[in-house]
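Let me begin by presenting the structure, written as structure tokens, before commenting on it.
Order of writing sets the labels: A, B and C. Residues in every chain begin at 1.
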Amino acid sequence: MKLRGNIKDYLFEKTTALFALGVLTLTLLLFGLLVRESLPAIRKIGASFATNTTWDPVLEEFGALPFLYGTVVSSFLAILIALPLGVGAAIFINEFAPEWLKTPISFLAELLAAIPSVIYGLWGIFVLVPILRDYFMKPASRVLGWIPLFQGPVYGPSMLAAGVLLSIMILPFILSVSREVLATVPRVQKEAVLSLGGTHWEMIRIVIGQHCIPGIFGATILGLGRALGETMAVTMVIGNRPDIVLSLFQPGYSMAAVIANEFTEATGDLYLSALVEIGLVLFLLTIVVNFAAKLILKRFTPAESKRTGR
Amino acid sequence: MENAIEVKTLSAWFGDHQVLKDITMGIRRNSVTSVMGPSGCGKSTFIRCLNRMHELTPGFRTAGEVLFDGRNVLSEEVDPVLLRRKVGMVFQQPNPFPRMSVYDNVAVGLRLNGRRKSRGEIADVVEKSLRMAALWEEVKDHLDQMGSSLSGGQQQRLCIARALAVEPEVLLMDEPCSALDPVSTSKIEDLIEDLSEKYTIVVVTHNMQQAARISDSVAFFLLGELIEMDKSAKMFTNPSDKRTEEYITGRFG
Amino acid sequence: MKSVAYRRKATDRIMKALFLLSAFLVILPLFLIFSDLLWKGAKELKWSLLTDLPRPVGEPGGGIANGILGTLTVAGLAMAGGIPLAVLSGIYLAEYGKGAFASVVRFAVDLLAGVPSIIMGIFGYVLWVLPMKRFSALAGASALAMIFLPIVVRTTEEMLKTVPVPVREAALALGIERWKTTLFITVRTASAGIVTGILLAMARIVGETAPLLFTALGNQFWQTGLDQPIAAVPLQVFTYAISPYDDWHDKAWAGAVVLILLVLVLSIGARLLVRTRR
């Protein structure tokens, strides 16, 4: 726009620009404060932060590996469960569901996404964990307890519980992005397979399989980003024990959970700084993952901008 | 002055591409001037220069002069905002403001132009404008219904009323009827004739019969050039330029 | 020949059944959670829940009234700062945002949108709790505001971009100044969508617990000042849930019902706003 000469227009534009600058400043401030408060820990603890498996604030030993491990394992477990279910449900809604069913199901899935994390955690503690423990973990432990993945005494709160709960929480995102990705498949290609005598499933496998893998991969990474940062639900069912064990039936810990639990009790500046450093790592990790998801999705869906992050 | 607007060697470029070439013409006061020609001849571009709406397009440049009220309105010293209050525009697709009532649509130009008018004065202007646009009788009992709930022809008359409410001297109309049905079109053509008693009207049209029906003068554009301009009767019965004759007899366009 | 066709058909049916099962499994938790909420929350769901202050363990009765007020206070504070900041930034990005600066701002907004909410709690802590040497509603509000911001900036920009160009042209052609066109025509046209975005963001921050854990901290009593710790319903649900007392567990469920109702009213209200063309 080449309109000039009007002071008021200029002032209005510059005022809105100022507010936009404010948003940018806050973002930089966030990053800056995280770095500033982590520096003492970074300097004092150094690289052992990422390699030490012992987290003992009393002895001032701060190895954050258990939390990294727990975050990654619980999130991947969540993806493992949520991906097939989410994609399967998306295929059902887009390809098989009658028209009148589509809107209600989407609405219900959106509703799942709106439930606060603490309510998931509440339900996790009193409903999910007991059910998992009594109907799956205890019997499985009796039969398969010799396998490292299922070893150890079963208390209830565990990596498995966290993974299952997380999977429920990220399902709506995987569902909606998958649906968008599925919708980009050109109708002609689908009809071509069907007219050649292929069954519906074969059409899905061939056409959608070819077209949608990258987009679904992007949806997965997106769900991963969401799962990595989940705090309340995880800390309420994961058991909060900073150990690295292979067994899914054992309690674990995550980066977000340890910050939530120990921040107010952190005595000593190094302790607090170590916790902030964990926060910084989590911050950077989710940024990288979300950025990767956006890159992948940008090339394969039209309306990705509404989806990333939450 | 006989001419409301004098155009002197107006040229325009869109990037490197020249879209108007040395247009020189006069637009008579209180008359209807039609601008006609085949698609892409520059007629819409031309009238958008007259109220400086071309400035909304980045990369657009002009040279030459457009004289209105004794001044070259293309110069930087003239405020386009003030110009547009005197030279109004009606667009091809009716575009009433969404989410605003009929009343608000007509009144908003007055309210936001900073002229302090009381509620009573605004109501008067709204009624007057709607009457002039031949819409008053149809909407007077439902002034608070949504502007978008009117039919296409009514919406366009609403847009005309909206433009008239700010009391312009000139009204530019860019193919005002091309999105409308024949009945609405003829209503608006009658309207244009009535309005020309008080306003200078420039109408872009690709419909030759319409140009013949409503205008006093007609300008024929081809590939960015003004080929010929004359009284309507003469243009259609005995044009001077061969290209005009070919266009009128339908050999192209 | 026949067996191949039979196998293909069988595979087709099995896969269809699996897809149906997936859809069912996706929706199932929703019904389970809602029915549990109603069933388990019913016990403590009385009017006193909404009007009374919490009582110590063992004493019957008590409620989450301070939490309800606290939630509204902290969310209200967050929005008081967040709405102008976010909406005006959204206006900038939609109307003037074509250069490098705008791209950087958009990148920052996208970045913020993906940050886990607990990190925003750290932000609030470092910014307010450390210098003030106490927990406060202000700290909690600033943490929530950082979650609120990116959502509203995005939805505002999106909604403004949906306003068609002819609407703006019509306003400019009337001789309305550019800034007035933006504010009184474009923003007005998109206003329902912008308000929807704000309500949805509000529904989000009202349910957040993690950012409040070490900023607002929680409070057993009524709010005494914005520079004091303040109660919030999600915090109370959390505290009651992880406690070892059964009657507090019941209160946790009841509190969860109140919380989900608040979130639902805001979410559904937001969507209804878009449906009704005024």
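Quick note on the criterion: contacts are C-beta pairs under 8 Å (C-beta built on N, C-alpha and C of every residue); 3 or more make two chains touch, one makes a residue touch a chain.
Everything numeric here is computed off the predicted structure, so don't read it as measured data.
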State the smallest step count from chain A to chain C, taking one step as a move to a touching chain.
1
Identity of the most central chain, Cα criterion
C
Farthest chain (mean CA position) relative to chain A
B
Geometric centre distance via CA averages, chain C-chain A, whole Å:
17
Chain B to chain C: how many Å between their CA centres?
49
Need the CA-centroid distance for the pair chain A / chain B, whole Å please.
57
Out of chain A, which residues touch more than one other chain, so two or more?
1, 3, 6
Enumerate the residues of chain B that touch no fewer than two other chains.
56, 81
Counting only residues that touch at least 2 other chains, which ones in chain C make the list?
177
Which chain A residues qualify as touching chain C in the complex?
1, 3, 6, 8-9, 11-13, 15-17, 19-24, 26-30, 33-34, 36-37, 84-89, 91-93, 95-97, 105, 108-109, 111-112, 114-123, 125-127, 168, 171, 175, 199-202, 204, 225, 228-232, 236, 256, 259-260, 263-264, 276, 279, 282-283, 286-287, 290, 294, 305-306, 308-310
The residues of chain C that touch chain B in their complex are 164, 166-167, 169-177, 180, 184-185, 188-189, 191-192, 277-278
Using the touch rule from the top, collect the residues of chain C that touch chain A in their complex.
8-9, 11-12, 15-16, 18-23, 25-27, 29-30, 32-33, 36-37, 40, 84-86, 88-89, 91-93, 95-97, 101-102, 104-105, 108-123, 125-127, 146, 149-150, 153-154, 158, 177-179, 182-183, 203-204, 207-210, 213-214, 217, 234, 237-238, 241-242, 249, 252-253, 256, 259-260, 263-264, 267
Any idea which chain B residues touch chain C in the complex?
51, 53, 56, 81-86, 88-89, 91, 93, 95-100, 108-109, 112-113, 146, 159, 162-163, 166
